[in-house]
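Please find one structure pasted underneath; my questions will follow.
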Amino acid sequence: MTLDALNTILLIPAVSAAGLALLPGYRLSARLNVMATLLTFLTALSLFVVEPVSGQYLLVDDLNKVFIVLTTFIGFTTSVFSASYIEHEIDIGRLTPGFLRFYHAMYQALMFSMNLALVANNIGLMWVAVEVATLTTVLMVGIYRTHEALEAAWKYFILGSVGIALALFGTILVYMAARPVIGEGTDAMVWTVLVSRAAAFDPALLNVAFVFLLLGYGTKVGLAPLHAWLPDAHAEGPTPISAVLSGLLLNVALYALLRFKMLLAVNPGSIAPGPLMVTMGLISVIFASLMLYRRRDIKRMFAYSSIEHMGIIVFAFGMGGPLANFAGLLHMTMHSLTKSAIFFAVGHIAQVKGTQKIADIGGLTVSNPVLGWGLMLGVVAIVGLPPLGIFMSEFLVVSSTFTRAPWLTIILVLGLLIALGGLFLRVGGVVFGEVRGPTAPAEASYVPMFTHLALVLLAGIYLPPVLVAGFQNVARLLG
Amino acid sequence: MHGLEFDIAHMLAGSLVLASFMMLYQDRLYALLNVYALHAFVLALSVAWQAFVQHAPHLYVTAAIALIFKAIIIPVSLHRIIVRLGIHREIETAVGVGMTMIAGIGLVALSMVVMLRVTPGADALAREDLAFALSVVLLGLLIMVTRRNAVSQVVGFMSLENGLVLAATGAKGMPLVVEISVAFSVLIAFIVIGIFLFRIRERFDSVDIQALDRFRGERR
Amino acid sequence: MIEAALGAVAVLLALAPAAVALSLNARGSVIVYGASLAVSTVLCAIALVHLLDPAQSVAAVVLPIGLPWLGAHFRLDALSAFFLIVVNFGGAAASLYALGYGRHEPSPGRVLPFYPAYLAAMNIVVLADDAFSFLVAWEFMSLTSWALVVSNHKDPESLRAGYVYLLMASFGTLVLLLAFGVLAGSTGAYDFAAIRAAHETPAVAGAVLLLALLGAGSKAGLVPLHAWLPLAHPAAPSHVSGLMSGVMTKVATYGFVRIVFDLLGAPEWWWSMVLLAIGGPTATLGVLYALMQRDIKRVLAYSTIENIGIIFTGLGLALAFKAEGSDFIAALAFTAALLHVLNHAFFKSLLFFGAGCVLTATGERDMEKLGGLIHRMPQTAFVTLIGCIAISALPPFNGFVSEWLTFQAILLSPHLPSWGLKLIIPAVGGLLALAAALAAACFVKVFGISFLGRARTSAAAEAREVDGFSLAAMMLLAVLCLVAGVLPGLFIDALAPVARTMVGNSMPHQSDLQWFTIVPIAQSRSSYDGLLVFAFMLLSGSIASVAIHRLASDRLRRAPAWDCGFPDGNPAIQYTASSFSQPIRRVFGTLVFGAREIGEMPPPGSAATARLTVVMHDLIWEGLYAPIAKLIGFATMRINVLQFLTIRRYLTLVFVALVLLLVVLSL
Amino acid sequence: MMLIRDLIVQGAQMFLVLALAPLLTGVVRKLKAYLLRRQGPPLLQPYRDLLRLMRKDVVLAENASWLFRVIPYVIFAVTWVAAALVPTFGNGLLFSWSADLIAIIALLGSARFALALAGMDVGTAFGGIGSSREVMIASLAEPAILITVFSVAMIAGSTQLSTVAEFMGSSAVGLRVSLGLALFALVIVALAENARIPVDNPATHLELTMVHEAMVLEYSGRHLALIDLSAELKLLLYISLIACMFMPWGTAEQGAGFVALAIGTLAYVLKLALCASLLAVFETSIAKMRVFRIPEFLGAALMLALLATLLRFVSGSL
């Protein structure tokens, strides 16, 4: 098979994963890591220029194109952040170079698996990719070997495995549904074929399949009540991984879910997946925003905010309709950028202050103005205040769904308000007020954080037409 | 496939469900392991039978994995671990066995109902087989959530996974079955090793150094 | 025209990031405020030209930003022109004032960048012509003003104020978002032109009205959504407080007028019921709260609530008459409301600037630590006095004119058909009259306690007159208060096009009547001539003084105060703010504040001091806001358990979810 | 020519009220004295007092501000203008339209505002007492009178005093419940506003009971003269207000000839005399009430006025 952009973005991480596993010396490997991710990102960008032909195993279309670019981009910026972050971890001896070799290899492996999940055209392959991604992150969450870290990793592992099983069962069911129509063999698992023939599938089977897929992949998305692994995994793992988890892995799982939703959207007899998704979305929003109030660990708090936003997105897709779907896609993108930016800031803050406890951090705008205002801007963005991008998506979600389902939308709006209250209640003291904790200047690279925030700001004011066109196509497909 | 073959496949699948019920009933660890071995053995049989009737030689590999890895290696190594870590032989159940059985029956009924809505258009095997597979999966989950004991929870997970393999092999001509079964075996190996590494005695979330509850996120 | 306006706004927006750098430099504040002053003046001029332009052209422009398939629509019609004037006049005055006041800013880095952005946001709200840009600007306005409120972040009180403010602001925005969701429908016709074209059913329109009232009202400070206002407005730097009270509440009013009078089409009669039922009590409660305060800036904030109540009452009357079809009277009520918008912008900014001067001169906001400032800061005292008279709705100043017009509208209402209105309008009239009288009492207190009498603290005794810029700004506003009071005809005529576009008719042309009198309906019905009254007062006053000084004596001796024979040198003997309002508290307190006075008398013969403690409750806060906070606290406490379950329990959750979904499927 | 005549008439009224005001007070005092079996001061005593005060030096408290010295003139000017705009002997005078009923009440409000400030300027305890009680009373009296005005204005269909007076003069009115209530309320308010018994005692100098007197405690000489004069003007104003609204008989029409004006003047003087005697009788027959009974007293007025307006609203004819 020819070497086009499509398999290049898989090849680069795979190769560099192997390479970094062998390579000693963390400084060099950190640089190589950045290089690799940068290359991957550039290759991904080329997808917009020349669109490679989709094969039986890999495909590229409007839906995943955007996500590939987003994933590789955040992968790149995170690796830049990670380089300076890891440096500090080594200095204070939380990590040893030995672990770092493993860390960088795993990082690339994670990139590989996420890219694979995004470009996979075969639902079996997609399943495998998502699971590999899960397992790699499990290993990275546990990297600090503290009790908290081990426990978080273990919890993630167990819940993840159950999710894996459920997702697989769903996949099998989809195959069973497809087989009578398409016939035995691989074709019955190729997504493009499936979506073209899905109208003829047995609806009842599809429904059961979707339930399992919703729960299976939903576990990865972190929807309540399947969320349990998410906060601890974010809080206890190294911050770059938290950024990748919130920024990318959740998206990838959601992407998988969307693929199957599109199947059901095509099939007339099947239940509308909407109600299920809307319910789980609302539960997640309300639950997560209430959980924000009593958080003491800043990373865990933002992990819960990720759950809330996943809820919003799932709600949007559940409601469906061109506007809501568009909003959902936009929200996914914006949330990834913003949340990873916030985690960049939080990572450095935690390093400066030597703690993640909210109570021990204060007055950042005085002690570390750049970090403080950066975090503030990130929070302003994440709660959906203008002129940043998330406001646009929330505007579209609420305004386009209110006439269709007033009460549900009102619940959503309540959730948004509660979340805003919770976040500002906690962050206000961190950013303003008297200085608490050490005030050493952070040796940090602010570039990734502010790049993300700048992009979010730009998106809030002006969306590039190519993005809009792509999103609108997908929104139509999502029904 | 015609009558006899179908009936045998049906019988095997059914007995898998039966095995799950037996596991649900056990309250001693060793007994549980033995039953699990039986469970895996039945699975191996049914997979082998599917391979035979579907003329799908690659399924024999899956059968072999089921037989060797699940029916022999895993139970043995778990025996070892139990001895090593000196885990209590009794299983502390969160819910009484009686209740569990009733719940199990309910689950089986549920999976039947769900599956019978499938239009007969999908061939009989699909429906019956899936119904059984689904019940095995659900029963596996039930074991996981009703047993407090780590090993028994692992066993539950493994039986759940057997159900998946059953479904996968039942799905005629499904690609990647072998790969998937391998992948799962690896996963299970991970878990078992995990239990061994983290010296998890009683519960998933208690490592022997200290009970991990205190570290569950933010200390209360 | 509008292009120029948008260009100016863009300059303001560009100024914000520049200010980040400038705030490090010593002359930064001068540059920033100077630039803001220039831009605001330009914008004000543009709007003025457009409003007075006889052609009344409506300029619109679409920029390729905002919602991609929609673009950002901007439109300059009479209404937005008028509010542009209010916004930018207020902005210019505040900037001029801040040229001097801003020098005392302890941490300019927290004020300078947000100030121009705040001005820009308010401008964009008024110019926006589609739901998205409107809401973006609306919430951006809240955001920037929030940043200004928490600029003094070391003080936990202002942090709390900012928190409450941001919550309420977002609540308002989300409610407005719902309102636009109804108006735009699920198809997403967000530009105002499309919304105007679409006609909602009465039920839907009613829902929109209520949502708009909630959304805009929470920003304008209608009772009971006002709780944030007296916290947030005083917390900001004084020139910003002036903007928030004098201008931002008006932008909120604009939002309401735009939605209800412009986008929503023909009104129902019960809409006005809602407005009147809220407006009247808001006016009275606002001023009653104001009377009970000691913090001078908080008094002003509460009195803003009162004035908003008056404005919304006017709007309610306008709606009533419009619904009933007599748009001629509707124009009267509407004009009265808008005129009061303008007037309040004048004197409330003036008063907040005055309070700011007091703050810089003495470092005190508590009136009971002031006193005698009229000797130390005569100019400030003079202009503040004018502000106090104007806001108390006393002739010959401007506050009186708008209230007079409102009363005229009320007097014309008996022929309204609906019985609900027949019953509510006299009550509202009474409430307005009560509010007016109480306002006078309130500002006698403000001026009397803090500027008159003897200094109560050394800080007050050593106060120094403030700088020229601040004084210039206040003088300007004071002059305008007088001009708008004696020549109201000019302002009413300027408002005619606005009334014409919003209620379909306008008040008769005033400014060519003899002696600049104003006649709402007919000479025989009612008329008022500020100019003549003012002239007569000057005339008779000077006659009296001249006559007395010439014919009788003009000699004058200084002597100790008489005070019925036993003067006491201790300034603590003076009446304090709370003792001044004690009689009124006695009258209204128990009803409105659940106030109780507990007097502890020592037993006969003991030398212990007697104590009088007054307990007052903010019933609205305790009845509405505290329970919500408690509910949230309870819910979070209960749900927090889910952070601490064991893995098995989490698995159970998954299991239950799965079973539930399967059951749902099998049903 | 016409204009000049009108100007003269207007001017005549302006100085008429100024001239009559002290006399009115004198009359009231004299009558009260008779009712108390006392000789009482001569009728012209108020004029003498004023003149004497005018000639005396002003003794100014040390920390009195410029405001303290300006206020007497302001109060006097405002009250005088207000009084001059209420029709006395003739309707539709030249400038009568320049301020309607609401404006006149607001003018009195300005005067009170100034006076209350003056009370607080020197910074004595008594000044504070006076001012705070004064604004409390005003905060109830003003709405009461405004609502009274509403009901009358709605019946007459105008807030223009001349128009109201003409309308009341015409036979179209008849007896009306709302009018009666309005009159009652107006009288109560007038008593309160003019610091008469039972609200306040113009004669007392017992510090704790006084309101108006406490505010002007620090004034002396010409300033005090002006303030007293404005108080007398205010009394006159209220009486002529009641007169022109509720006994509009004999008042000269707009642009009436000399005879009509003469008759009007005569009628006006008679009305003043009548009201003065009524006031005297009332004041001697009841006692002053405690300060915190006043709210109830005025509250009654407020309620009556509201009732009147409400009746007017609900049924067009009552």
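Order of writing sets the chain letters: A, B, C and D. Residues in each chain are counted from 1.
We take it that a residue touches a chain if its C-beta (ideal position, glycine included) is under 8 Å from a C-beta of that chain, and two chains touch if they have at least 3 such contacts.
Quick caveat, the model's predicted, so the values are computed rather than measured.
S.K.: Which chain, with its centre taken as the mean C-alpha position, is closest to the global C-alpha centre?
M.R.: C
S.K.: Write down the chain pair with more C-beta contact pairs when C-D is set against A-B.
M.R.: Output for the comparison: C-D.
S.K.: Please tell me the distance, in whole Å, between the geometric centres of chain B and chain D computed from their C-alpha atoms.
M.R.: A distance of 100 Å separates the two centres.
S.K.: If you average the CA atoms of chain C and of chain D, how many Å lie between those two points?
M.R.: Taking the average C-alpha coordinate of chain C and of chain D, the gap between them is 35 Å.
S.K.: On a C-alpha centroid basis, what's the spacing between chain A and chain B, in Å?
M.R.: 31
S.K.: Averaged over CA atoms, how far is the centre of chain A from the centre of chain C? Could you give it in whole Å?
M.R.: Chain centres of chain A and chain C, defined by C-alpha means, are spaced 44 Å apart.
S.K.: Scan chain B for residues touching two or more other chains and write them down.
M.R.: Residues 114, 117, 141, 144, 204-205, 216-218.
S.K.: Hunt down the residues of chain C that sit against at least two other chains at once, touch-wise.
M.R.: Residue numbers touching two or more other chains: 643, 645, 647, 651, 654, 658, 662, 665.
S.K.: Please give all chain pairs that are in touch with each other.
M.R.: The complete list of chain pairs in contact reads A-B, A-C, B-C, C-D.
S.K.: For the complex, which residues does chain C have touching chain B?
M.R.: Residues of chain C touching chain B: 643-648, 651-652, 654-655, 658-659, 662-663, 665-666.
S.K.: Can you name the residues of chain A that touch chain C in the complex?
M.R.: These residues of chain A touch chain C: 154-155, 158-159, 162-163, 166, 207-208, 211-212, 214-215, 219, 225-226, 228-229, 231, 271, 276, 287, 290-291, 293-294, 321, 323, 365, 380, 383, 385-387, 391-392, 395-396, 398-404, 409-410, 413, 416-418, 420-421, 424-425, 428-429, 432-434, 460-463, 465, 468.
S.K.: Please name which positions on chain B make contact with chain C in the complex.
M.R.: Of all residues in chain B, those touching chain C are 94, 107, 110-111, 113-114, 117, 138, 141-142, 144-145, 148, 153, 203-205, 213, 216-218, 220.
S.K.: Report the residues of chain D in contact with chain C in the complex, numbered from low to high.
M.R.: 51, 54-67, 73-74, 76-78, 80-81, 84, 95, 97-100, 102-103, 106-107, 109-110, 112-113, 116-117, 119-129, 131-133, 135-136, 138-143, 146-147, 150, 153-154, 157-160, 163, 207, 217-218, 221-222, 225-226, 291-292, 295, 302, 305-306, 309-310, 312-314, 316
S.K.: Going by the contact rule at the top, pick out the chain B residues touching chain A in the complex.
M.R.: 114-115, 117-119, 121-123, 126, 130, 133-134, 137, 141, 144, 157, 160-161, 163-164, 167-168, 171-176, 179-180, 183, 187, 190-191, 194, 198, 204-205, 207, 209-210, 212, 215-218
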